[in-house]
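Chain IDs A, B, C and D follow the sequence of writing; residue 1 opens each chain.
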């Protein structure tokens, strides 16, 4: 479904992504883990069109993405829930969600889709008339996910959804991601919280300084000693220091 | 007592008119963070186009205003596309100077093309003032004030209730997030500036029946629009209404009870005093300028 | 503005620099003898514009606040000189020094008021104060002559021999050199660094213990002194002041000069001041198209060089070295 | 990177020096020897900015005068006259630059202007410095000729100044309008202030009172505050000082307030521009005008006809057309009389030159002020009708 071949991305003079090959199959839940600064966010921004790739190809269901503007990519069925949530603080929860479906505005199924989001996140329905800026961090993350889902994506890109959230909230989000995936949406999850990522995803890639250094089923990676040392051992330190 | 009532009535009606003429300015500032010095020239072009459409082509008044609005919106879109787009994200001084350059171009090219003769747009309203309990008011002025209210409400509803309006607000609050839900942010920037230009043109077309129309009319009115927008809080519609009303009433009362030579002086001092106590005007959003 | 931290210059180079500057100064002092009087006149106005720009540069360039009220201070200086010279018949020297000091004090008051605010609201207050002063000058008939202005302000005759225009040329040149030197010294001082800190992030500057209001006010006051001296020069040179000296057009021209020259640089206001004076004058050949052409040039320069013309060499160097990108750096992530 | 700042700085210096050199050479190369034949006359006027309309009219008028003379074969044995017009933006400093350029670069022998009194005052010292005369047709501040300003020997004025017309206005208000309590609304500039002061003095001499004197900023569009206050004061008459745009707005807003007392204006309350802007609201407005297009003299009729033929799209000529036209003709007469293009000789000739103008004979008194007639007019059926011509001698 999504296929990155030999992808290179430059940031100014910096070679941020180097010859990355990555694939997400129909209905699959894939994770991408790596340390802060490894290039994970750059990779997602490149997929969704916010950043132009330098070399290589980016194909989604056969269509080449590397020259498309973000709005065209959204229309193909890729929703990107960005790191740091980026909800529109001065707009209401409902307005945030409805704009999530901007790429398919006018579609008849919008009321139904909104109901579905409210069913997934009942808190959002309670707060639908509040402005997003008044929500708690966890609620904002739910809103950001909900907004991405309103685009009715075939592929959902999630960037650090657990960042800075209480463990209870992270648990709740994890349940939601599994459910969405089971309902048929493919997911590419980017996480520093490797424990969570490896538990949710069926396959995982490990990114270090812009290159994929390991890939495999999550089960294999969990038992890989180098992964355990680098990503699971120091985990408590790292999540504590997030942001 | 009769004078006070008449002055207040004039002040309120003028206040509505001032609010209308400042609307595009405050919207472009609030959304795009651009102090559009060319606002006055867009206003002037609205009036000038309306004049030519009514007098030269002989079109009826309201369709002419609408056609002028469309033409000026196109000019506004072209301004954004050709120059403002390239300096997005630069500091305010830089964007302000680009609009200053545009104001020089628009004003002087209009001057060259029209010869600068002052004119009136023929008003579709009767010239005889209405008399309400001993108070006089001109129908064209009353219409302009009412239209001002209607335009302000409609623009507000557009931004709050329509998908496009929401997309505009979203784009200026968080550009990346807007791109990620499929909003063409570049297009939205252009449309927003064009909308600001259209509002300026609309006020020019509506007020051209009260004031005269010439290429320098925009520059003359710009200072007042600045006062209105600043008092009310930059970017706030409700602020523009209150700013306009305050300026209209203060001008009226200053002329009646203090000295008309100091009328404008009082307006500017009021800006300073209000800002010292309310650093972002009456209704300005604080967090953006902290 | 990119930080350019290099302060170290080889001593020999510095010496050549000083010699070159002195030579340029000497040449400029003699220039009126060879220039025709129109060019002399235009360059004199340019010097006044440069002095104004150098003063404005402190708040606009270094502190980074959109100050559109330089005409308020300029007018203050001009009126102070005009009133002293016309009504009290003081000598030129007393008049120009007094204009500087009085404007400095006025700058303290105006700065104290307007610097309570930042950004667009600061901008609006500087405009409003300028307009308020314009209206005061129009209405305080006894003091300012009202809209009739004050005509017949005498110029100085240095050493009793030089003509008034030549004397003013030398005074302006001397002031200009002094101001460039002062700007250079301030730029490298603690104060200059504090200004740039405020511009980059006022919150951060404040959190590291910089009294941002204090430093911003000092920038404003320094700018006021320059503007006051420039205003005094103007009054004695043109010989006539009226309230239009407070007009928004003077303020905005000064902002244009600083921005198209280069904000927060020493030579920016010099280049910009020359440009905003020379361009409209030499565009007179274009008759009515002069102002639209000026507007177009303004837009082009700002759109393509938002850092001003001083950045032109750097920009060209960048263009030349393009294509050498792509050096991978370890750890260069995208977050 | 060492020394890069220094390199940069020297580049900037070079750039700045280049600019200076370019400007100097530009200045140098264009001052090549002018056409032996042509005589250059300069005009300064506000051709841009809020006063551009009056300025454009002025330049058009001067051009018409020059072309008429050229068509008739030129002067001084067939030499043609060329016109150099410069913009002063109605600002003193710009006016000074414009005159410096006209005199030193274009080598004009005389100048028509300025329009605004403040600009005239700023350019007078420059005229003196170079010894080039100017004839102004619009600046009516009395002290330009009557005062003791530097450069006063070099400026001449064809239009009666504010002091000269004040008594005529006061006399008309007292005897014809039978008004003693008069309110004033005047533009807050040098001209508005000075003419108000002059009329006030003359009215008070005649036993009148002026309880309310209000000023407005030029370009204002809202006069209702002042007019409402004046209406409430209930004077016998209202005296206005303003140009056609402002004036038209004032009388329109007076009409909105259902004003019924007599109104007399000074400035442009009898011009075609004013009437076409104010329409019905102009009816019945009295005015003191230094020129009206309906002046019944053969010279004026041919002037108006020539104007209509030459500028068919334009409005009928007003004082901004008549004054500069007359001033230019006076300059040309003086050049003929001097028999020379030496500015000093032209200045001498101006002192004794006479010219038959549309509103009477133009001849300068010892203070360089001319004394043509002025008119009291009233607007009837969209036409300014002359009530009484008044001598200003």
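Rule of thumb we're sticking to: contacts are C-beta pairs under 8 Å (C-beta built on N, C-alpha and C of every residue); 3 or more make two chains touch, one makes a residue touch a chain.
Keep in mind it's a predicted model, so treat the numbers as computed, not measured.
Student: Which chains make contact with chain A and with chain C at once?
Tutor: Shared contacts of chain A and chain C: B.
Student: Work out the mean Cα position per chain and let me know which chain is farthest from chain C.
Tutor: Looking at centroid distances, A is the chain farthest away.
Student: How many angstrom lie between the CA centroids of chain B and chain D, rounded to a whole number?
Tutor: 33
Student: Centroid from C-alpha atoms only, then distance chain C to chain D, rounded to Å. What do you get?
Tutor: Inter-chain centre distance comes to 34 Å.
Student: How big is the gap, in whole Å, between where the Cα atoms of chain A centre and where those of chain B centre?
Tutor: Taking the average C-alpha coordinate of chain A and of chain B, the gap between them is 43 Å.
Student: Return the residues of chain B touching two or more other chains; collapse runs of consecutive numbers into ranges.
Tutor: In chain B, the residues touching two or more other chains are 108, 111, 261, 264.
Student: Residues of chain C that contact two or more other chains, please.
Tutor: Within chain C, residues 135, 138-139, 288, 291 contact more than one other chain.
Student: Considering chain D alone, which of its residues make contact with at least two other chains?
Tutor: Each of 48, 188, 217 in chain D touches at least two other chains.
Student: Please give the residue numbers of chain B that touch chain C in the complex, ascending.
Tutor: That would be residues 29, 33, 35, 37, 83, 86-87, 90-94, 96-98, 100-105, 107-109, 111-112, 223, 226-227, 230, 234, 261-262, 264-265, 268-269, 271-272, 275-276, 279-281, 284, 289 of chain B.
Student: Using the touch rule from the top, collect the residues of chain A that touch chain B in their complex.
Tutor: Chain A residues touching chain B: 48-50, 69-71, 74-75, 79-82, 86-91, 95, 98-103, 105, 147-148, 150-151.
Student: How about chain C: which of its residues touch chain B in the complex?
Tutor: For chain C paired with chain B, touching residues are 60, 64, 66, 113, 116-121, 123-125, 127-129, 131-132, 135-136, 138-139, 248, 252, 255-256, 259-260, 263, 288-289, 291-292, 294-296, 298-299, 302-304, 306.
Student: Chain D touches which residues of chain B in the complex?
Tutor: Touch residues, chain B against chain D: 2-3, 6-7, 10-11, 14, 108, 111, 115-120, 127, 129, 131, 136-138, 141, 210-212, 214-216, 219-221, 248, 251-256, 259-261, 263-264.
Student: Using the touch rule from the top, collect the residues of chain D that touch chain C in their complex.
Tutor: Within the complex, chain D contacts chain C at residues 1-6, 8-13, 15-17, 19-20, 23-24, 26-28, 31, 47-48, 85-87, 90-93, 96-98, 100-101, 103-105, 117-118, 121-122, 124-125, 130, 141, 143, 149-150, 188-190, 192-194, 217.
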